[in-house]
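Naming follows writing order (A, B, C, D and E), and every chain is counted from residue 1.
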Amino acid sequence: MELIVAKYNYWIYVVLMMVGFYAMIGKRNLVKKLIGMNIFQTAIILLFISAGVKHGSKIPIVDKYEALEKGVDVASIVNPLPHVLMLTAIVVGIAVTGVALAILLRIYREYGTLEEDEILEKLGK
Amino acid sequence: MKALALVASLVTGAILLYGTMDFPAWGDPQSPAATHLATYFIENAVEETHVPNLVTAVLGDYRGYDTMFETVVIYCAGLAVISVLRRSRKP
Amino acid sequence: MSVQSSIWPLVAVLVSLLAAIPIMLSDRTPNLRESWTLLAALVKVGIVLTLLPAVLAGGGWEFTIAEVIPGVPLQLRVDAMGMFFALIASILWFFTSLYSIGYMRSLNEHAQTRYFASFAVAISATLGVAFAGNLLTMYLFYEMLSLSTYPLVTHEQNAEARKSGRKYLTYILGTSIGLALPAMLIVYNLAGNLDFTVGGVLAGSGVTPQTLALLVVLFLFGFAKAGIMPFHGWLPAAMVAPTPVSSFLHGVAVVKAGVFSILRVIFHILGPETLQAADLGAIITTLASVTLLVASLVALTQDNLKRRLAYSTIGQLSYMVLGAGMLTAAGMTGGMLHIAMHAFGKITLFFCAGAIYVAAGKKYISQMDGLGRQMPITFVAFFLGSLSIIGLPPLGGFISKWTLLVGAVEGEQLILVLVLLGSSLLNAAYFLPIVYRAFINPPPEGTVNGIKEAPIYCLGPICVTAAASLALFFFNGVFLQLAQQALGLGG
Amino acid sequence: MSVSNLHMYVMSAPLLTAFFVNLFGRKSPAVVAVLTLGSLAFSSLASLAVMGNVMVHGRISYVAGNWAAPYGIELVVDHLSAVMLILISVVALLASVSALKSVGQELPGREYQFFALYLILIAGLMGLVLTGDAFNLYVMLEITSITSYGLIAMGKGRAPLASFNYVIMGSVGACFYLLGVAYLYLMTGTLNMADMAQILPTIGGGAAVATALGFILVGLWVKMAFFPLHGWLPNAYSLAPTGAGLIAAPLVTKVTVYLMVRLMFWVFSSDYLFFTHPMVQSGIVWAATAGIICASALALAQRDLKRMLTYIIVAEVGYMVGGVWLANKTGLTGAVLHIVNDALMTLCLFLAVAAIVYKLGSGEFDKLQGIYRKMPITMAAFTVGAFSMIGVPPTAGFFSKWYLILGGIEAGHWEYVIALLFSSLVNAVLFFRIIEIGYFYKDEHDHGHEQRDEAPVLMQAPLVVCAVALIVIGLGSGPLVESIIKLALPAGF
Amino acid sequence: MKEVRARAEGRKIGESLIIQTAVRILVPFIQIFGLYVIVHGHYSPGGGFQGGVILGASFVLLALAYDLKFSLTHMSERVNLIFGNCGALIFVGTGVLTALFGGLFLDYSALDKLIPLGPIEWRSFGIFIVEVGVGLAVMSIMASLFWDLSSDGELDEGL
C-alpha cells in the first residue's frame, strides 16, 4: 500500500501508457491509432517530468548576479534536465504527429475512409 | 485482435510497473536523477553560460547538439508533410 | 626440393577464366572464338606440364591470393595429388575443346558463346579444385564449378533442361552448403586451420570418434558430385546437356572434382590413420559398395546410352571412394589411379556416344543394331573404352582395378574383393552387349544407308583418348608416382 | 584544438546540403544532383580520413559544445563507428547516383523535396552511429524515422498506407526505447552511455534495469524488423519510391543492429547480458532462428522481386541478432562483419532492382523473361549480389556467414547453424529461380537475339562498383577483420 | 475533403466580422509576444520553440478567421520556406562555424575569435543565436504544417 502511495506517479503513467498502447495496436480507426500514439508519448513525458520533481523546490530560473556571487542552493531548485529532454520529446512528438496526419490525408484521398476494415475491404476488391 | 491488444498492453503495463519497484519515491531529493547530473547543472550552469534560466542553458548549450537535431526533426516534419501532400505540378 | 612461391599456379587456374572474356567478346566471329578456346587450352596444358617436373622431384609450388580468414588464406598449392588431377583435367580439356567444336558446329547449336564461356570457367574451377592449398580454397572452386556448369546443363533451355538444371543445383548446392560447409567449419573449429597436410590436419586434435563419424558422413555426402547414393540423382538428369559437357564435365571434371575432394579430405584433412584408429573405414566402404552395386544394376536397365554411361559413372566413382575407404596403401593408390584410368576410358565412351548422335542421330541402344559396320572407328574406340572400364588387360583400367583388389586383400576385407569382382562382371554385362549389337547384329531393314563416321574434329579426339587408355596400361609411371607421393608412400 | 572535427563535417555536410537543396533545387534537378553528389562524395572521403585518424589515435571521445562527457553530449568515434560512417556515406553515395535517375522518373519535378529528406536521413543515420548519449540516440532515431516515413509515403498507390503502418510500429519502437532510457535515467541519473556503463554495476541488476534492457531491446527490434516484429517492413520498402528503398533497405535495419550492439556492449556488460539470465540469451537465439526460417519461407512465397528482397532483409536481421546473442566473440565478429556485407549486398540487389524497375516498370517475376539478354551488365551485377546473399565464396556474404556459423558451432547453438544453412539454401532457390526465368526462358515470340536495352549508365555505374566491392571485400575480409573489426569489438569480451 | 469545404463555404464559417476584427487587432500583439518569448528565453520560461509556436499560431489564427489565402498574403509560402530553411541553417551553421573556428562542434565560445566578447558571454549569446534560429524554423514549419494539412496540400481555401 505504501508502495502505491509513495509512487503513485508511476501508476498514473503506466495506466496512461496502457491506454495509449492499446489504442495504437487495438483500434481499427487510423486516427484513433494516432491519438493512442500521442497518449503514449504523453505518458512518457509525465514519467520524465515526475522524475525531475524534488519536494520543496522551485522552478529552475535563478537570479543571475546572486548566483554568480553566492552560488546556487541545489536543494531549492528542481532538476532542469528532464524538462530539457521533454521539450525535445514534445517537439519530436509534434513532428511525428504532423507527418502522420499528412499521410492520413493521403490515405483518405486514396480510399475515402480512415477505417482500417473498410480500407482492407477496398483493397481486397 | 482486440483481446490480443488488450492482453499485450496489460502485460506491458505490468512489466513496466514491475520495473518501478526499484524506483525512488516521488519527489525524493536523493534520487539518482536529482543528484548526479542535475547537481552539476544547477551549480555551474549560470557561472558557465551566464544564462539564469537553467532550462535554456541546458537546452541551448549543454545539450545544444540535441536541440539542433530537434530543430532538424521539426524541419523534416515540415518537409515531409509538403512532399507527401503536394501534388506534382506541371512545370 | 621444397615448396616454392610462384604465380604460375594462379596463371594456370586463371588462364581459362580470363579466356572467357575474349570468348564472350568475339560473339559474332565463331572462328576467332574457338581459337581463343584452343589457345587457352594449350597454354594451360603447357603450364601444367612445366610445373610437373618439380612436383615429381618432391617439391611443389605455392601462391597465396589473400588471407581471408585467420589461419586460412586463399591459397593455391601444387602438390602431387593436385598435379595428378590437374594433369588429367588439362590434357582432356584440350581434346574436349576440339571435340566440342566439331560437335556444336555439326549440330548447329544455339548460344555457343555462352557454352564456350561457361566451359572455360568450369575448367578454370576444376584446376582450382586440383591446385587448392586448403579446404576453403577447394570449397570456393568447387562452388564455382557447380555454378559455372549450371548454364551448360540448362543449355537446351526447354522445360526438361530447366528441370534438370534445378535438380542439378538442388543436389549440388544443397549438399555443399548444407553438409560440406558445416563440416568444414567443424574442422576449422577443431583444428584452427584447414591446410591440406599429409596425414590429416585433424591428426592429434583429439577429435572424438562420434564427431569424426559425423564428419565422414557429412563430407561424403557433402561433395555430392561424387554421386554417392542417395545423392546421385543429379547425374543422370544432367545428361540432357550437350554430349561434350556430359563427356568432359560429367565424365571427368565435375564428378572427379567430387571424388577428388572426398579423397583430399580423407587423405589430408581427416587423415587415414585417424580414421583407421576410429575404425571408420567401414562407413565409407559400405556406402561406396552399395552405390557401386546398385548403380551397376540400374545401368543394366537403361536404354538411353548416355544414361547408361551416367549410371556407369556413378558406379565407377564409387570404386575410387571405395579404394580410399579401405585405408590400405594399395587401396588408396588404386582409388587414385582409377581417377586417371576411368577418366580416359569414360571420356572415350562419351565421345563415342556423342559421335553416334552427331553422325546417326541415335540416342538409344536398341537402335544401334549394326551401326558398327558404318562407324567402325567409333565403335572400336567404344570397345576399347569399355574394356578399360571393365578392367581387362591390356588397358589402363586393369591396373587400377588390380591395385584395388590388392588393397582389399591387404586389408583382409574379403567382402570387398567379392564386391569388386562382382561389379566388374556387371560392368561387362552392361557394356559388351552394346558392342555386340553394333558389330554382330544386322542393321534393321529399311534404314537409309547414309550413315558415315562423325566429322574429323570429333573422331580425332576419340582416337587419341582411346589410344591413351591403351597406353596407360604400359606407361603409368607418372600417375603412380604422383599417387604415391600424395599418400606419403615410397617416393 | 588537438581533437579533430572531421567526423562532424562528415555528418553535417549532408545536413547542410539538405537545406540548400531545398532552397535552390526547386528549379533544376541538376543543382540537386550536384549538391547531393558533392556532399556525399565529401562525406565518403572525410569518413575514410576519420577511419585513418581512429587507426592512428584509437578511440576519440568527442564532446559537442566542449562540455565534459556526462554533462554535454558525447560523440564516440571508435573503430566500430568509423566503419559504420564509411559504410553509410559510401552506400549513400552509390545509392544516390542511381536514385537521381529513378526519382527523376518516378517523381518528376520533386527531386529537391526527395533529396532534402534523403540527405537528412543520411545525416540522421550518421548521427545515430556517432552518438554516445542515450537520449540523443532517441532524437536521431526519430529523425531517421520521420524522413523514412516521408520518403516512403511519397510512393504511389498503397504506399501511404504502408507508411502509416510504419509510423505506428516505428513509434511503438521509439516509445519503448524511450521508456527504457527513462528507466535507466531514473536509476542512474545520467544519459551518457559510458557513464551509465560505469554506474550500472554499482546498482546491480534489479527489476528496473532488467525492464529497461527489455524495453530498449524490444524497441530496437521493432525498428530493425526482427521477426515477428517485422510486419511493417515488407510493405514499406517494396511500395516506397525505388529511390527511397535504395537507401532505406541497405542502411536503416543495419544501423539499428549496430545500435543494438552499441547499447548492449557499451552500456550493459556482457556478463550481465549473457550470464545473469542464460535462458534469455538462448531464447533470443532461438527467436532469431525462428525468424530466419520463417522469413526465408515467406520470401519463397513472393512473386515480386522487391517484396522477395524485403523478406530476405528480415531474415538477414535474424542472422545478425542471432550472431550477437551467441555470446561469443566469433559470433559478434560475424554479426558486425555481416552488417557491412549485408548493407553492400542489399544495396547491390536493390540497385539492380532499381535499374530493372526503371526499364520495365516493376519487378514482377513474369516480366523478367529474357532480362539477361536485355540488360546483361545489370544482371551480371545482380548475380554477384545474389551469390553473396547465398554465400558463395569469394563474395563477401560467404565470409560473414562463415563467422556466424562458426560462432554457432562454438556456442553449441546447432539450431542457429541449421537455420543459417537453411536460409542459404532458400536464398539459392530464390535467386536461381530468377536466374532461370531471366536467362533460360525462351521468349515465346522472339527467337532471335533480343535487343540490348540497358538502364542508363548512371544506374549501372554504382551497381558495377558495388558488385566489384562485394568481391574485393570478400577477398580482403581477412585484413578487414584482423585490423578493423577485431578492434571494433568491445574490449574485454 | 470537398464536402467539408463546401459546407464551410455554405455556412460562411469564420466569416464573422467580430472575429475577424478581433483577430486583426490581436495578431500583432501575438507576434510581438512571440518575439518576446524567444528573446526573453534566457530570463524567463520560454525560448525558441515556445516563441516559434506562438508566432506560427498567429498565422494559423489568421487563416482560421479569414481563409488560407489571406494568411498567405501576409507570409507567402516562398518566404516561409526561406525562413524555415534559414532557421535550421542558422543552428547547423553555427555548429559548423564553431568547428571551423577551431572549437568543438557547437562550442559557442570558439566564436570569440570572430568577435571578442569573452568566452562565457559568447556562450550566452550563442544560445541566443540558436534560439532565434529555432524560433524561425518552428514558426515557419508550424504555419506550413497547418496550411498543408488544412488544405490537403493545395494551399487554396483551407478549412
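Observations, loosely collected:
Please note the rule applied: a contact is a pair of C-beta atoms (placed from the backbone, for glycine too) under 8 Å apart; a residue touches a chain by one contact, two chains touch by 3 or more.
Just so it is clear, the structure is predicted and the values come from calculations on it, not from any experiment.
Think of each touching pair as a link: the shortest run of links from chain A to chain B has 1 of them. Looking at which of D-E and B-D shares more C-beta pairs in contact, the answer is the pair B-D. Chain centres were defined as the mean of their Cα atoms; on that basis the chain farthest from chain E turns out to be C. With respect to chain A, maximal separation of chain centres occurs for C (centres as means of Cα atoms).
Comparing per-chain C-alpha centres with the mean over every protein C-alpha atom, the closest match is chain D.
For the pair chain C and chain E, the distance between mean C-alpha positions equals 78 Å. We define each chain's centre as the mean of its Cα atoms; on that basis chain A and chain E are separated by 23 Å.
Distance from the chain A centre to the chain C centre is 70 Å, each centre being the mean of its Cα atoms.
Remark: chain B and chain C have CA centroids separated by 68 Å (rounded to whole angstrom). Residues of chain A found to touch two or more other chains are 17, 21, 25, 51, 61, 64, 81, 85, 87-88, 91-92, 95-96, 98-99, 101-103, 105-106. Counting partners per residue, chain B has 16, 20-21, 23, 31, 33-34, 37-38, 41, 47, 50-53, 55, 57, 59, 61, 63-67, 70, 72-78, 80-82, 84-86 as the residues that reach two or more other chains. Residue positions of chain C touching 2 or more other chains: none. The chain pairs satisfying the stated touch condition come to A-B, A-D, A-E, B-D, B-E, C-D, D-E.
Note for the complex: chain A touches chain E at residues 59, 61, 64, 87, 91, 98, 101-102, 105, 108-109. Partner chain D is touched in their complex by these residues of chain E: 81-82, 85, 88-89, 92-93, 95-96, 99, 102-110. Interface residues of chain D facing chain E in the complex, by the touch rule stated above, are 1, 3, 5, 8-9, 12, 15-16, 19, 22-23, 62-66.
Chain E contributes residues 41-49, 84-85, 87-88, 91-92, 95, 105-106, 108, 120-121, 123-124, 126-127, 130-131, 133-134, 137-138, 140-141, 144-145, 148-149, 152-154 to its touches with chain B in the complex. Contact residues on chain B toward chain D in their complex (touch as defined above): 15-16, 18-24, 31-38, 40-41, 61-66, 69-70, 72-73, 75-77, 79-84, 86, 88-89, 91.
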